[in-house]
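Down below are the structures I want you to see.
Two complexes come next, and they have one chain in common, subunit A, joined by subunit B in the first and subunit C in the second.
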Partner chain A sequence: MPQKNHYAFVIDVARCIDCRACLVACSVENNVPMDHTRIWVHDQGIQGNWPYLSHAFVPYNCMHCEHPPCTEVCVSGATYKDKVNGLVLVDQEACIGCGYCVAACPYGVRYIDQKRGVVDKCNACLQRLEVDLEPACVATCVGKSRLFGDLNDPTSEVSIALRNAKSVTNLDYENGETDTDPNIYYLNLPETESILSSDPFGQVAQTSLPRDPHYTIAEQGWKNVAIPLMAAAMGATFLVQAIFFTKQLLEGEKEFDE
Partner chain B sequence: MPKTVISRREFLKMGGAAASVFAVGQFIPPPVARAARQAGSLDDNGNGYICTLCEMCVWRCGVRAKVDEGRVVKLEGNPEHPHSHGKLCARGQSGLMNTYDPDRVLTPLIRVGKRGEGKFRQASWDEALDMVAENMLKIKSTYGPEAMVFSSTHNLSQPLFENLLYGFGSPNYGTQRSLCFNAMVTAFLLTYGIEEPARNYDNVQYILLVGRNLTEAISTSETTEMIDAMARGAKLTYLDPRFTKTASKATEWMPVRPGTDLAFLLAMINVIAIEELGNCEFVKEFTIGCDLLPTHYAEYTPEWAEGKCGIPADTIRRIAREFAAAKPNALAHPGWRTSNFINSFQTERAIAILNAMVGNVFEVDGCLIAESPEAGGIALGAPPQPPYPRVSASRLDGVPWKYPLVPLKLGVFQELRDAVLTGQPYQAHGWFIARQNPVLALPDLQRTLEAFNKMDFIVTVDIIMNDTGWFSDVVLPEASYLERYDPLVPMKDYIFIRQPVIEPQGEAKSALMIYKELGTRLGLAEFFQYKDEEDYLNQQLAPLGYSLEELRLHGHIKVPMEAKSEEITFNTPSGKVEVYSETLANAGFPPLPTWEEPPQPKAGEFYLLTGKVGQHTQMGTQNNQLLHKYQDEPRLWMAPEAAQTLGLEDWDTVEVTSPVGSVKVELQVTPAIRSDCVYLTPGFGHLSMALRTAYGVGASDSQLHVTYTDPISGGQALSQTFVSVKKAG
Partner chain C sequence: MSHKNIPLPERQRLRQKMYKKHNLANILTHWFNVFSWLLLLSTGIAIISSPRLGISPLWMQEAFRNIFGGDANLIRFHYTIGFIWIFVILFNVLVGFRKYFVPFAAKRLLLDRDDIEWMKTKPLQMMGFMKDKELPPQDAYNAGQKIYSYFVVLCTFGIMVTGPVMVFKSLFPPIVKQIAQPIHFVCVFTIVAWLFIHVYMGAVFPEEKEAFFSMFSGKVSAWYARAHHEKWYNEKLKEEMEWEDKIEQEVLQSQHPKEESSGAD
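Presenting the complex of A and B:
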């Protein structure tokens, strides 16, 4: 059965002023911990020779890929591509926080919420979509750079924007068996630097990392613990089973308490 | 069933979980929730949206606040408000974190340690207000009312603040304006008879921004409208010594030498006047003095300007022609914070005249609208009050005896501080500060602290322990903008309301009530004839026949107004746009904008530039954790060639020294700045250790700024300070 909706972001780089209203709005709407973020504005750096300089800002978040590598590696089935709306979502009840998907995402848009022990990322503000509101980042975008909507609907703002665009770029990641076909479409993306394309796996995430945010609440210790690497080294199956077992045990105990 | 007796305070202490249990039961909700339910904003569980006004900057966007069981959980732009169009900037989005700042001051505080030591004890409102009143009355009886200085920054409760100060009998009123827009306001008053004309981007084809960094000094609706205009194909020429984010969006960036944008503009006037490219009809009918321009400006050729500002003559000539060709759909933006150089007033006059030359000043659909963005024809009521007592003392800030053309409501704040310090023409002894941080805002922080030391008594009203509160004797906790009413504000044919969306936290109170309760203790009850905030607002609405209830649900009321006359009038002595100003001539100043050579740094020194970032407002938001999360490290910008000459590298800690002070800060080597300039992100370098998020981050340019005042507008010249930079030892 074909998808009912084909949700996508269309981002006009020419309109982004890097004001970061989207970043703050997302953090508030989704209660993102102070030491994490779900969305970024990539600073391409100042290009050109004085005084003919240019400076572009590229907003991004989960690309809600057509062929997401993250769902492939998810051992608990928590990360999935929704069959109705096409969004890549995390069922945090089912997530065991193993971190495979974090490593698998070529765009580096997932993080582990240490407090809850689950993976978190952009869900296109599903809770807002359900009540007919745009995602928080789109609703507040001061430059109207961010658009969101249903590509299956030819009258949607995103469909119209893509139809009228002179050129559209998406940051497709192709590597042997993987071809992500991301659902963020960029308008007016400068050609000077292709921020994500054709980089080897892993390096993509590095080069596309956001500005290093300066955090108030210093809980960055976990960053030094390379969870995915550890997992690989210890033997994935064993670890996953162990975590799953522990989690069940804990939850079981909690139920007992109540 | 036993009757539940619970105070509002106890209710709040119980927190959200408990609140929800009560909310669905028999419990009577606290006042804010009750009013919101009556208006239909909140459901029976206390969930819903309440419309109010943002206060994260002075633009005052409309807000829809999402409330969930007594807590505000998300802010949205109100699509029905012309300043937000449904959007909020980063600061607006973060507003709830100001309210929930863990460093909020939630009870009155009385100093117990030495000034600046940061030791305070909690006090009741009665004790704190009694103490403030006692000290103020003592100063009044000993030295006269003029010995009390009052200062506050542009906000909606200002009419009541003014009642307090003028009722008390002091002429000494400090506002932030001379540190901000005195040059612009004075120039437009003298040229058009209006403080700040509104901008209209509907038909604009050519935008000239002279240092108006609209994508970082964000005025939400205007920023959106400018980006929209550019997407439609409007050209943007941007003058700034820095390659800001606005420069990155501009069609052309002109990296002028600081202080010489005036030369660029005079040459534009020269080209348009001599080549007769202006809008002749408009010029003939509505201006006086344009005929003088070709002869008086003959010397201001693009070739002359090139020698001053460093932009090639051909470029200036071409831009003048393109600007004029777009007439009347060309806009030279009046600017915002225009306190850059002593000559900034002349720069602003030149901008005013360029707009007149292309004839874009029409009331209805011109690019420049001869009415202020906040102008409203709606006459609100007000509680009755007696006339203010007569004041015989002259103002300490020199208005008008030293600064004859500076409007009284603008004042010259830095001069006021200096008069406190010198005791001339008389000594001030007390300072009442509301919602303002002069310690970090005024140039030359050391002098401001010395002036504070001259004071017998200092009291600050704020929501957090800002740097000024840190050096005060009493700090009074104000309710945040999400917790209080403010006086209503008309805007065009609308009335908008700032109303509480949650109960005030701790003991915090609205300014309306703080001023009333203090005023009553000072014997000024007649100036505060309202029972509470709602009573004040109802008295404002009374002549219009609306009730507060009608305002609550949508946050605004549209008032039917008579259609405006099509006639263009200018509130100047001649009734026309005064390119030539008799008023200026009579005061002994040049009647036409004239070149004034700005000072230049010596070899080895840099211009110290200031500016804005999109994530902060002045020095008041750095403790907001959400903004802190997404801000850039506030470093000192320096061009690569300058850094190389000094042997400095990116992220080096450098010592920046001016004639009045020095700071240490990390270096950001960037091609985005002229090599003769450095730029320090403003608003950081807080002294108050009670600001646990902001303390220790960045440096304050107020420690470096030398005090220079423009004799015409009273504006402080914030970019006229020169500094040396070396690696910190």
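Presenting the complex of A and C:
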């Protein structure tokens, strides 16, 4: 069955005033522990040269990538890209909270809920989508900065917003075989270079998203050392056994062999 | 002691005479272990679905998830069987700890000089050299079986520790759970690598046929014991003779209870 929906967030950076109502709505809706947030607003600080100053706030949450690096490392498939709605989800009953995926996410949208021992992240309020409601952050956004909808549907709010947009930025990460194709489309996002070049008050919490996916030592050791080693060991013993078995078959059974 | 120059009637007697090698608890534990491993290994391989690791084929992942009703249920089944397995194995070890386990480990599993010699000769013979050299006599388990048992005990311990770490996920920090997974994997597949040899030697290899049947009946013939586990055979022989002496004396005593004191003078 082909993917039915192509859900995407469209976030108009120019409309965000950093009120953080979305954070509260998300925490309440999804019962997120106090010391974590599934979504956050990044303060880019004051930019530009006098008198052409600007101050932008960039809301973030899971990008629900088309090709997410986080699901690739999950050992059990506890985190996966849903085949029907295309969202990147975590099955917390299967998840053991090892954090391979937390390291691998180029956008840092995942965290480990140590109390439950599982990984948690934005699920686009799947429980609300199922009853035809928007995600909590979108529903609560006063400035209409956050939009959410199905890109497969040309009449949806996001499709229309993208068609009418003057500037669309997609924080794509491309490196070798990894190409995330994230599903948050930022409207009116200022250039990242200008952020780094001018930081007069030193208040820019520097973000360099997307970052390189990080693979934990355990996972790399498993992939690059343990698997070849075990394959060699099993190959060797299987070969020995196979040689003797073939020899045995060629010689045939003797009734009085001892 | 070469077994080639034995007169026919003696050979027949040796073949018919049976010695007990495994007790019922061991036999049952062995087959319980086999059954558990079949379930655990297949579900375990199916669980590992990371395309980066690429261990199980996609059809297998999907088949097992469909059979058990999803990822979480498959994992639940795996660790439920796993806990039963841990319980039974540990229970058997602990119940017989002082009576069986410690003496077994101390007497049967340590390598002696003959074992070292065996390990030098046997691999060469397997490759076709030194065919005419006599192998040193072996105990109830030969050096190969002893080495195998070291790996099995160590790896079983590794599996039993790392498995629950992943199940009781809220008790352990992420770094521990990260490392537990490859260790679990390595322990399992180290045993699987040895299993190819173990299954072949135990069930298919013609010279060890009796070993296979002994895993059901618990008994091996004196002929087999003499040829493959000579030290153990001699031990058994000695035990048997001592037992016979004891019986003989008891019979004598019961027949002539008063004569003994006078006979000793």
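List of remarks:
We take it that the second predicted complex is superposed on the first by the 187 of 258 C-alpha atoms of A that agree within 3 Å, B and C clash if a C-alpha of one lies under 4 Å from a C-alpha of the other, contacts with A are read in each partner's own complex, and residues count from 1 in each chain.
The rule is simple: contacts are C-beta pairs under 8 Å (C-beta built on N, C-alpha and C of every residue); 3 or more make two chains touch, one makes a residue touch a chain.
This one's a predicted model, so the numbers in the text were calculated from it and none came from an experiment.
With both structures placed on the common chain, the touch criterion links A:78 to subunit C but leaves subunit B unconnected. In the superposed pair of complexes, A:97 makes contact with subunit C only, with no contact to subunit B. Using the contact criterion defined above for the overlaid structures, shared-chain residue A:18 touches subunit B, although it does not reach subunit C. Partner contacting the larger number of subunit A residues, of subunit B and subunit C: C. Legend: residue contacts after superposition of the two complexes on their common chain; A:143 is shown touching subunit B, with no touch to subunit C. Residues common to the contacts of subunit A with subunit B and with subunit C across the two structures: 216-217.
If you check the complex, the residues on subunit A that touch subunit C are 72-78, 91, 93-100, 102, 112, 114-118, 216-219, 221-223, 226-227, 229-230, 233-234, 236-238, 240-241, 244-245, 248, 253-254, 257-258. Within the complex formed with subunit A, the subunit C residues making contact are 47-53, 55, 61, 65, 70-72, 75-76, 126, 166-175, 177-182, 185-186, 189-190, 192-194, 196-197, 199-200, 204-207, 223, 227.
Within the complex formed with subunit B, the residues of subunit A that make contact are 12, 14-15, 17-21, 23-25, 27-29, 34, 37, 46, 50-51, 53-57, 136, 139-144, 211, 213-217.
The touching residues of subunit B, counted against subunit A in their complex, run 73-77, 86-90, 92-94, 96, 215-216, 218, 220, 223-224, 227-228, 231, 243, 245-249, 253, 255, 614-615, 625-633, 670-672, 693.
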